[in-house]
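Both complexes below contain chain A, partnered by chain B and then by chain C.
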Partner chain A sequence: MTRLWVFAARDLRRMANDRRALVINLALPLLLTSIMGLSFGGGIFGKKGISAIPVALVAGELPDALRDRLLAGLQESGFFAPVWADSAQADALVRSGDVAAAIVLPDDALKGFFQSDSLSVAVWKDPSSEVKAGIVEEIVRRGVLRVQAGEAAYRALWPDDYRISTGDSAAVADLFAGGLDEIWRNLRDPDAVDSRKRATEFLARAMDHQVALSRALSEPQVGLTIADRIPVAAEDGRESSLFDYFLPSFAVFFLMFAVAGGARDLHRERTRRTLQRQLLGPGSAWPVVVGKWAASVVQGVVMLSVLLLAGALLFRVNLGPDPWTLPVVVVLTCTAASGFFMLLALLVRREKVLDNLSTAVILVSGMLGGNFMPVDNMPEWMAAVGRFFFNYWANLSFARVIGDNGSLTAVGTPLTVLATASAVLLVAIVVLFRLRVRRGGWA
Partner chain B sequence: MIEVTDLVKKYGTHRAVDGVSFTVGRGELFGLLGPNGAGKTTTIGVLSTLLKADGGQVRIGGHDVASSPAQVRRLIGVVPQEIALYTDLTARDNLMFWGRLHGLGGAALSRRVEELLVMADLADQAKRRVDAYSGGMMRRLNLVAGLIHEPEVLFLDEPTVGIDAQARSRILDLIAQLGRQGLTVIYTTHYLEEAEHLCDRIGVIDRGRLVALGDKESLISQIGDVDLIRLSLPEGERAAFAAECGAWPECAGVGERRGKVEIRTPDGGRLLPRIQDWLRAHDLPLEQLEIERPNLETLYLNLTGRGLRENGS
Partner chain C sequence: MNRQVIGAMVRLRLLRVLRDRGGLVWLLVMPMVFSYLMGNLMGDWSGAGSSRRHKVLVFDRDGGAAVDRLLAQLADDERFIIVSADSSVTDERARFLVDEGAASAVLQVPPGFTDAFAGGPTVDLRLSVDGNRLSSQNARTLIERSLLRLNTERAARGLVTAPGAAVTRDRAAAFDSTAFAEAWAHPRLRLDAASLGRLEVEDWGLTRASQHVGPAYVLFFMLMFMMVSAKDLVQERQDHTLARLVISRASALDLVAGYFLGGLVIGLVQGAILLGLNAVAFGLDYGDSPLALVLVMLLFACFASAASILLGTLARTGPQADGLGSGLTMTLGAIGGLWWPLEITPSFMQTIGQALPTGQAITVFHGMIGRGWGVERSLPMLAGLLVWFVVVFALATWRLRRQASA
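The block that comes next holds the complex of A and B.
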């Protein structure tokens, strides 16, 4: 293990010394990713902190004027791009990912408000669009909390108002029952003079204090329920942000170049004879090649981590539902990638041939493995072929974790494939390398 | 210390090393001299356990190279013909790595690295990357890197190729110093004067065969105390001359090489009048005639039919 680390540490130090590689492996992907991020909109470079979040607004019986006012208010906030919907539509919109969340006022919101019954606002959110739905939830929650706090304070200060309002609420409710036409009629009905008077008194008082509040602290009248609306089915065309997909897939694409470079170094070391010099050391030969593999894995992990973290910081790319799923995907992607390109290097005898072959392999597997096209949108034949490339499984894992906010169980299959491939490739590398050394082909 | 017996190494059907035998004693500086492609590097490859021999036996410090390579590796240090260093690392980082490779660490490693940097006269340049070094500096670092684990035997494969005369003499001094310290050294080169200057004994290798072996004096005496006379003759006359000349008592041998007749003789002074007589009798002018006193170069020419300079420098 220490011997292995001697070899790996040497390569890592060399990589850190290699400014050109740093530029190519980190700065370039970061730059491309940024350009891509900006063209997909948003990010810290956008005019607003975040682009307006699409929300559906459900408020059954609100009068048109009130609805318009509410819509305009939400739009003006700059945070939301609201649309009206009935509850069935809103449900569908959330499930299809077309809106990040729906804010749902109950059918009898207005009535309940005037009757001082409890008012319950619901937020339905798309759990895979965690960030944006979270923002909606947070804003609504704050609004509701503010009302709840006011309610509590009001009640503490004017306990009498509470008693009066419960007594008078029935009259108000009668007065304001039904739609606007009916309210209009009630207000003009001569039989209702008394109740109108009481209602007016009540409303006056309520308006004096801006909000009609009642009931005990233990039973807040304005409540909030948050409900996830899970997408109906993955292949239902639900589309997370393209950027969420292409950041990792571009990173994997550049990762392939980086680890191919690391594998090519094996040939460099052979022609420069540093490889032969290492074989003269005590102990067995395999740590020489496994150390190189390990360095390449570390390099890849650093590279992917930097790119993903940059994506998260600059463009609010989702990093998965928990702190371990994405790292596992990153590590297994790198072990498979390093293994694959190291094996390629061992199979090819000349550096020049390897160079051309690696480039061709990267482009082809990039194309078929989903680095330029989301794996979920691939035609069937392509997905079938893609399965033979490790990057298909890497891209699939990233799409599930970053795009769909899936946890380890959601990426069980691709991770198993990546882990198995990594192990098989590593064994193949060691066997092949020892064979080469024993035959003297590498001396 | 080193015993090589009937060593054969083939590449496909090509016998790169073809039945080479020699021994090197402890503390001896042995030169393996031969033109490019002679099989020097291949020989070093087998001796250093990196290549498997196709025939013969090599023992170093009593260990068989083929059956106990690990023991052999502990004894030997190898300085490859190429600059086998990480040019993207500093000199110190290089030596630290090669030291760790051999299981050194801690203060012992640091001490050894400083020692070698001083030995290579690179102590003040140790923090520079090797790719900023001159050819001579790289060669010196390449050499001391082979010494990091204090081997008893050092293989030096053409450690002076491609550098200027001054840098070369610094390297030769360094090797001479190592020799005085009791290190056993096999030194390959295609520069005759290096082998002559540096080595206790020399093996001349050509086309995979060891064509001469011994110290400088014994090598020369192998062809006897003979002069070499080269004579230009028209092509039609050469065979006739050779036939007649071969019969003269003063002549130790006659042959043809590169359009000239070559005559070996213990006494060039007595043969010359006879040659002049023959030329006059055949109505030929004395166009060109050289007499060469014996040295390693003539020996080498005699043995291989090739000048060392032809292929080498």
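The block that comes next holds the complex of A and C.
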């Protein structure tokens, strides 16, 4: 055992003295995760995520009072930065990308609501702003669906209101002729003209129906309780964000580069003949390779700890429900990662081959194991393949602990997989290394 | 300027690249693998392109006809599989099933659900979801829509006057189910969503993530290859090859031109092949202006080649150039919007991103693809790229001339 720690300590000293490795393994991941934090995380740097979506509103001849209410409502929601525009301006604004989308209400929307057989609300989207334009479309779609549901019920109950007679139709058209002031005068003094009286009676009837239906719809017979994942934010006042997923997943991604560097060291020592010198000493060969593995694990633990602590300090990333769950995940992730890349190093004959192969493996497993995208959003075949990579289970564990504030019991399955993989890989490394040494290829 | 020396340097660089099989993998194969996998991962920004069928677990303790109606829309949707269980489940267990990824959503239907629509007491459904998952959100939308229909129909039927009673102003004589179904299927109020781009169809443009991922990874790997190859220049400095060239026939300016043109040719060839492969393999579209496309690729390749020389003159060792090159490329890629679209970041990050060469190049691609930008409308971004190139090239020239003459 003493030899093992001697070898491990020697490698650790060398890693600590290698300023380039420190920059690449610590400073660069820290820089990149900070960029991600600034993009998604908020934290001490203020507001996070998507800024208010610029939207153009086209509302034809909507009365000013309604226009103001609509504008104020959209502004207060905090999601939108609305501006009024006419149809041509809105078209130009969307095409130039100055707004993400335009919401276009039909001309004579108020009149059309009572008279028209078909009405359409349009959402014009900027094709270069699919995410923001998609959000606008979804919100408008939800609003339109509510109106559609109400109309379907109304039609089924009072179909005559929709089969409007010619006389009623002409009367309503007459009532709505002119500007808002004129409409208001007509409504205030309906008895002055017969057609106005007829129209206001028709409208009053329709209004009675509408109010009765609105009341009935306001108390649904079956409610729907949505039990969304309880964000850690709800418990400690912190806002959760995509960064909660991407900080650990990118930390694992950079960890793979760091431990692959440690595994490359095996080949470098072989080329420089220092490995052979170590093997000439008394005792068995395994402490040499296990010492390298242990050094790589320690390096990984330090790296992940620094990144996670920086995330917690700068972007208020959650570090789990207790002081031990996250450290266990970190250690098992590092043992599995070091084992995997050490095994890869023993399987190939030259450093350059390992260099190219490990980078390719890191990038591909990073994609399939969920380092760039939450696993649930992957196509089925990709998620199935991803389970064969240790980083999939590491990402899952971090997501449970950081994202859901899960304790050890919540990450039992992924931790078991990581622990089993670590043990199997360590045994495989020792066996393969002894075989290589015995056959003379490495000594 | 010694054209022979410059030509020889360019040829030598090309030969080196062609002979290095590992390098070719990074030059052409990995960018395509990335385009394919990341395009698949991101699928369709709206989620419609994902081929994965997501499971929705339904714990049905009612077993009535209303449950079938509630789930009809979900059952018709190709993205979902409904797995029904007659047993009950605790709220904690339902939460656990979603958190563990066993299902995208878990719906608990209590006894009396169907009766509630026939005048029975009100009940509550419970839907456990994960708001961070697209599949969960989509399942929720479909269930909410179906429930809205059932609730609306039930509420409307409640307004029908009892047989024989007088129909008051706030009541109806009957409920016409056919009219309800017809109005639900063909509503009077419609939503017309359209993209105002070059081609006004929905299944086009940046709705497919590959339209962003393809060009983004072409630019990323062009820059990555150039930056990583800066170590060759460091090696030549260390081997004193530069000094030997200067002593023979080459001036310092020839060296600059040779290195720069070599990088430029490789970058352009790599970019052209990758854009072509992306167009053929993934059906990518680069807009209507070949000139704008050529200009953005040319200016970006010029910048990448100049940046490679500058890095090669600044780094002390090959590994240092390697590490710094990878780091700079990743940083420029992340901030410039090559890893994720700039529009999902806060506005100050968008401003920073668009000031970088990566951000300027990908913005031109987005403009060409989405808005049909030509040279004129791309001009501000192209000018930005030109400025970056000129500044970096001037610094690289100054450094390399100093080192060559020293």
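Here is the rule we go by: the second predicted complex is superposed on the first by the 248 of 443 C-alpha atoms of A that agree within 3 Å, B and C clash if a C-alpha of one lies under 4 Å from a C-alpha of the other, contacts with A are read in each partner's own complex, and residues count from 1 in each chain.
One rule holds for everything that comes next: a contact is a pair of C-beta atoms (placed from the backbone, for glycine too) under 8 Å apart; a residue touches a chain by one contact, two chains touch by 3 or more.
Values in this document were obtained by computation on a predicted structure and should not be read as measured data.
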Partner chain in contact with A:N17 - chain B first, chain C second, else both or neither: first
Touching partner for A:R273 - first (chain B), second (chain C), both, neither: first
Which superposed partner A:L432 touches (first chain B, second chain C, both, neither): neither
Partner, of chain C and chain B, that touches more residues belonging to chain A: C
First (chain B), second (chain C), both or neither touched by A:I183: neither
Which superposed partner A:I35 touches (first chain B, second chain C, both, neither): second
Partner chain(s) touched by A:A312 [first = chain B, second = chain C, both, neither]: neither
First (chain B), second (chain C), both or neither touched by A:A383: second
Which superposed partner A:A153 touches (first chain B, second chain C, both, neither): second
In the complex with chain C, residue positions of chain A that touch it: 20, 23-24, 28, 31-32, 35-36, 38-40, 47-51, 91, 94-97, 100, 116-134, 137, 140-141, 144-159, 205, 208-209, 211-213, 216-217, 219-229, 245, 352-353, 355-356, 360, 363-364, 367-368, 372-383, 400, 403-404, 406, 410, 413
Chain C to chain A touching residues, read off their complex: 22, 25-26, 30, 33-34, 37-38, 40-43, 45-47, 50-53, 91, 94-95, 98-101, 104, 113, 116-117, 122-136, 140, 143-145, 147-156, 158-160, 169-172, 174-177, 179-180, 182-184, 187-197, 204-207, 317, 319-320, 323-324, 326-327, 330-331, 334-335, 339-341, 343-347, 349, 366-367, 369-371
Chain B residues touching chain A - in the complex, by the definition given at the top: 45, 48-52, 70, 73-74, 76, 78, 80-86, 88-89, 93, 97-98, 100-103, 129, 145
Chain A residues within the chain B interface of the complex: 6, 10, 13-14, 17-18, 271-274, 276-282, 438-440, 443
